[in-house]
Amino acid sequence: MKARNLIDLDDFSMEELDEIVTLAGDIIKNPKNYAHACDGKILATVFYEPSTRTQMSFQTAMLRLGGSIIGIDNPAGSSITKGENLKDTIKIIGGYADIIVMRTALEGAAKAGSIYSKCPIINAGDGGHLHPTQTLTDVTTLSFELGRLDNITIGLCGDLKYGRTVHSLVKCMVKYKNNKFVFISTPELTIPDYIREILDEYGCEYSFVDNLNDAIPELDVLYMTRIQRERFETQEAYEKQKGIFVLDTEKLKNARSDLKILHPLPRVDEITDEVDYDPRAIYFKQAVYGMYARMALIMKMLENSEGYEPTRVYSNSELKCKNPKCVTVLEPYLPTLVIEKDGKHVCEYCDKTIG
Amino acid sequence: MKARNLIDLDDFSMEELDEIVTLAGDIIKNPKNYAHACDGKILATVFYEPSTRTQMSFQTAMLRLGGSIIGIDNPAGSSITKGENLKDTIKIIGGYADIIVMRTALEGAAKAGSIYSKCPIINAGDGGHLHPTQTLTDVTTLSFELGRLDNITIGLCGDLKYGRTVHSLVKCMVKYKNNKFVFISTPELTIPDYIREILDEYGCEYSFVDNLNDAIPELDVLYMTRIQRERFETQEAYEKQKGIFVLDTEKLKNARSDLKILHPLPRVDEITDEVDYDPRAIYFKQAVYGMYARMALIMKMLENSEGYEPTRVYSNSELKCKNPKCVTVLEPYLPTLVIEKDGKHVCEYCDKTIG
Amino acid sequence: MKARNLIDLDDFSMEELDEIVTLAGDIIKNPKNYAHACDGKILATVFYEPSTRTQMSFQTAMLRLGGSIIGIDNPAGSSITKGENLKDTIKIIGGYADIIVMRTALEGAAKAGSIYSKCPIINAGDGGHLHPTQTLTDVTTLSFELGRLDNITIGLCGDLKYGRTVHSLVKCMVKYKNNKFVFISTPELTIPDYIREILDEYGCEYSFVDNLNDAIPELDVLYMTRIQRERFETQEAYEKQKGIFVLDTEKLKNARSDLKILHPLPRVDEITDEVDYDPRAIYFKQAVYGMYARMALIMKMLENSEGYEPTRVYSNSELKCKNPKCVTVLEPYLPTLVIEKDGKHVCEYCDKTIG
């Protein structure tokens, strides 16, 4: 494992991803062998935005490895209120802990933290930008529930436009052979163009369907997500459409007997309570896979992490990112980092095009 | 120990209760023998309502057994704000933890949680309904401080109408031989009828006294509770009455030299500061007994808990509970569970009569 | 180590302070030897006021010694909202934990807590009054970074009037031989008279300088602190003055090559970002020394702490402290404790003169 941090799942090669999934599998089989794997190590959760489930998943993962946990989960109680910047917070907590898990509303904040941290940083969500450990969870679940990561027909249903877990899962699954994608949503909430470009680049088969009933029979996997009421223009539009994308036992009658239903959770009403009793519903099991995937991730990140000192990073451009949600806007001391991609300038923190 | 959860102290047989108290006694004598009894186990505190003392007592209990703790104690930061229901929260946390301690404002919520949880649920208070580990604390304290649980004259003073710790203690102590109860309160704040019926059913001796001075000389145990100002019709009524029920050193002059003074805490002003220095005041010691009782409880609940999968529970009635504080009101997917008791229909969640 | 609590650093003799610093040094060299030094012990953080950094430093310290942590860090969730007094809170938590770290807005609160606690109390800040573990951190840092605690020329810059870390550091460093102090601030924000009296009492050399540039060349140590905008009469006065006391790379050009720059943190803008890359800036390292100093402190405080029962403390005076921030104002059951100092009556809780 060469990667020092997990900011974006793309930081990992397919081999590294495979290493983590394989290790997760061994932990599931022999948990006692790992009960002291992180004895004496401390994981700090730095959550500027609440996310109980993600935080608990990481905390449990570390405790089940024999490690300890400290954390900020109450932003009002943290030094941010006294005006401390992210750099100082990370430098101090990086001096206490062995590994840091960060959650923020600002895009690129985990990347920013990794510039200053002595210890590995895991991105547990930076605004609407990335949430790589959710995708790690999804991939681990598919790997063990299907026994493969290729040759899968995956339906993705709900808010495909804003759903970062959907984008991230697609970006990951295109890399495996013969995966086919069915996008189930209203035309307004379908995947953004850049995801389409990635699908084309990898030569993947994909289709668009505007209701769940038509799509369900051919699926190996159905990845459900929440549609937020706010995404619809009117309450009527919402009421009219929502039933079409709600998974219930009626719609399941047409599905394959070995379908796997996933959901990143929390669920609101896009899956009815009745479905929970169907053996094809594995979203609660998926949360448990998430814990094991995070155990494997923590172990891998702690390998060779000792004695690291971050070297100074200098700006590589005069450009300024204009994304109002980018961490560079609130933390102006950050070096400007811009890369060229297809002739465009892209901010390395938030991945948005500049200018 | 057959019981899988502790929702209501009535879930335990007298033998099971005795098992826990006996184990607590052995932990007190030989704490080192238990320092690793729960190594590798995780206790989750799911507190939707703050209760620092109860939460800390459970956390300390688990840590002193070698286990670890995770928890929600900041409802605003939990998924409830994203609209997640209790079932999903419990299913997910039950996938991370080995045992769950729940505290909620809704009556019957711990019972509801136990329907979906893979791991044991301990009720740490569900609204004004039940708080069984407080009674476990009280019984453990009496057992070790008096050396017996029978033949005790117990005075209960304060708000006997709404005080759930009072009701629960009486319901438990009636089962032991020759216990006598003295209820010390204003007539308006005396015990509810159903407690009186239980006393009669067990053939217990009991009396009502309207001031502490008259009652105190004959008592083996004085169980003090808080009277909330809001319970009185006027501020004058409160001012006039409250002194009569405040325990001070003057009133203690008439008490037996081996009296035991208990209080579930927090105390406000119903016991004066001076009384703390009287050796008969054991309410702070009682809090320590509570920690040991919870250690014993956690150990017992974790026995044989592994590998359990909850089976689906179906509604057994068409009736709907109308108690606005019942968990079934806010969580409508819950199966309706009704039992018949003395010809009446009773909600199994909140124990209120229906219709 | 005779001291039972750390309320004021003056509670420790110079020998005791040296014991702690020496132990901290050994922990830094051989951390593995101490990984189980506090196995089975529980540290409770009782933080009525948020201070993430201090709390995390103590939590990490205890975890790295093999101990466990519990805590109140959400005052709204603690029993204070139900009207419980400090005495009861400390008596209960002292029954659960082995050592308590307290942080409060009220002056003298840690002292008050120590009267009732079975277990040692460490003061982690009581209002603007004392913050002894910060000074312990500073002294530990100087000891290891300079190799000595005497013959040092120390510049202290910023808000010297209200900065309790400044006062506390001076009070400690005067005790070592030949230390020289340079106070760098506006005349309005210079040290209070009582600090001057202490300097004179110990016969220390000291001077006052009204800008950082003039002072910097002769310093071995520069202790920077924050100047709060509120301290200035007008926004203009602030804008005009602040640059004079901001440390930047330009001012550092005139400094010695072996200067050590300290800061208690959080920093706002009194040290520019550029300075962080200068090897003379050791404020982040200082935070790590703080963790080791707290490890040593916890170990020392836990020695011989078992089996202690606090004896009753009686008022020794009829006088009442009139400091509105003194803990005795909100907690009237506290015994009045007054000592005579230079013919004046001084409150033992908040150290303010009475009458």
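Labels A, B and C are assigned to the chains in the order they are written; within every chain, residues are numbered from 1.
Keep this in mind: a contact is a pair of C-beta atoms (placed from the backbone, for glycine too) under 8 Å apart; a residue touches a chain by one contact, two chains touch by 3 or more.
Remember, predicted model here, so these are calculated numbers, not experimental data.
Colleague: Suppose a student superposes the Cα atoms of chain A on chain B; what rotation angle should they report, nearest 5 degrees?
Modeller: The rotation relating chain A to chain B comes to 120 degrees.
Colleague: Counting residue numbers used by both copies over all numbers at the interface, does the chain A-chain C contact come out same (over half shared) or different (under half)?
Modeller: Shared-number fraction below one half, so different.
Colleague: Please tell me the distance, in whole Å, between the geometric centres of chain A and chain C computed from their C-alpha atoms.
Modeller: So the centre of chain A lies 41 Å away from the centre of chain C.
Colleague: Note the residues in chain B that touch 2 or more other chains, in rising order.
Modeller: In chain B, 74 touch at least two other chains.
Colleague: Give every residue of chain C touching chain A within the complex, in rising order.
Modeller: For this pair, the touching residues of chain C are 35, 50, 52-53, 56-57, 59-60, 63-64, 69, 73-74, 265-268, 273, 276-277, 284-285, 287-288, 291.
Colleague: Which stretch or stretches of chain C touch chain B in the complex?
Modeller: Residues 40, 42, 44, 68, 70, 72, 74, 76-79, 81-84, 87-88, 91-93, 95-97, 312, 333.
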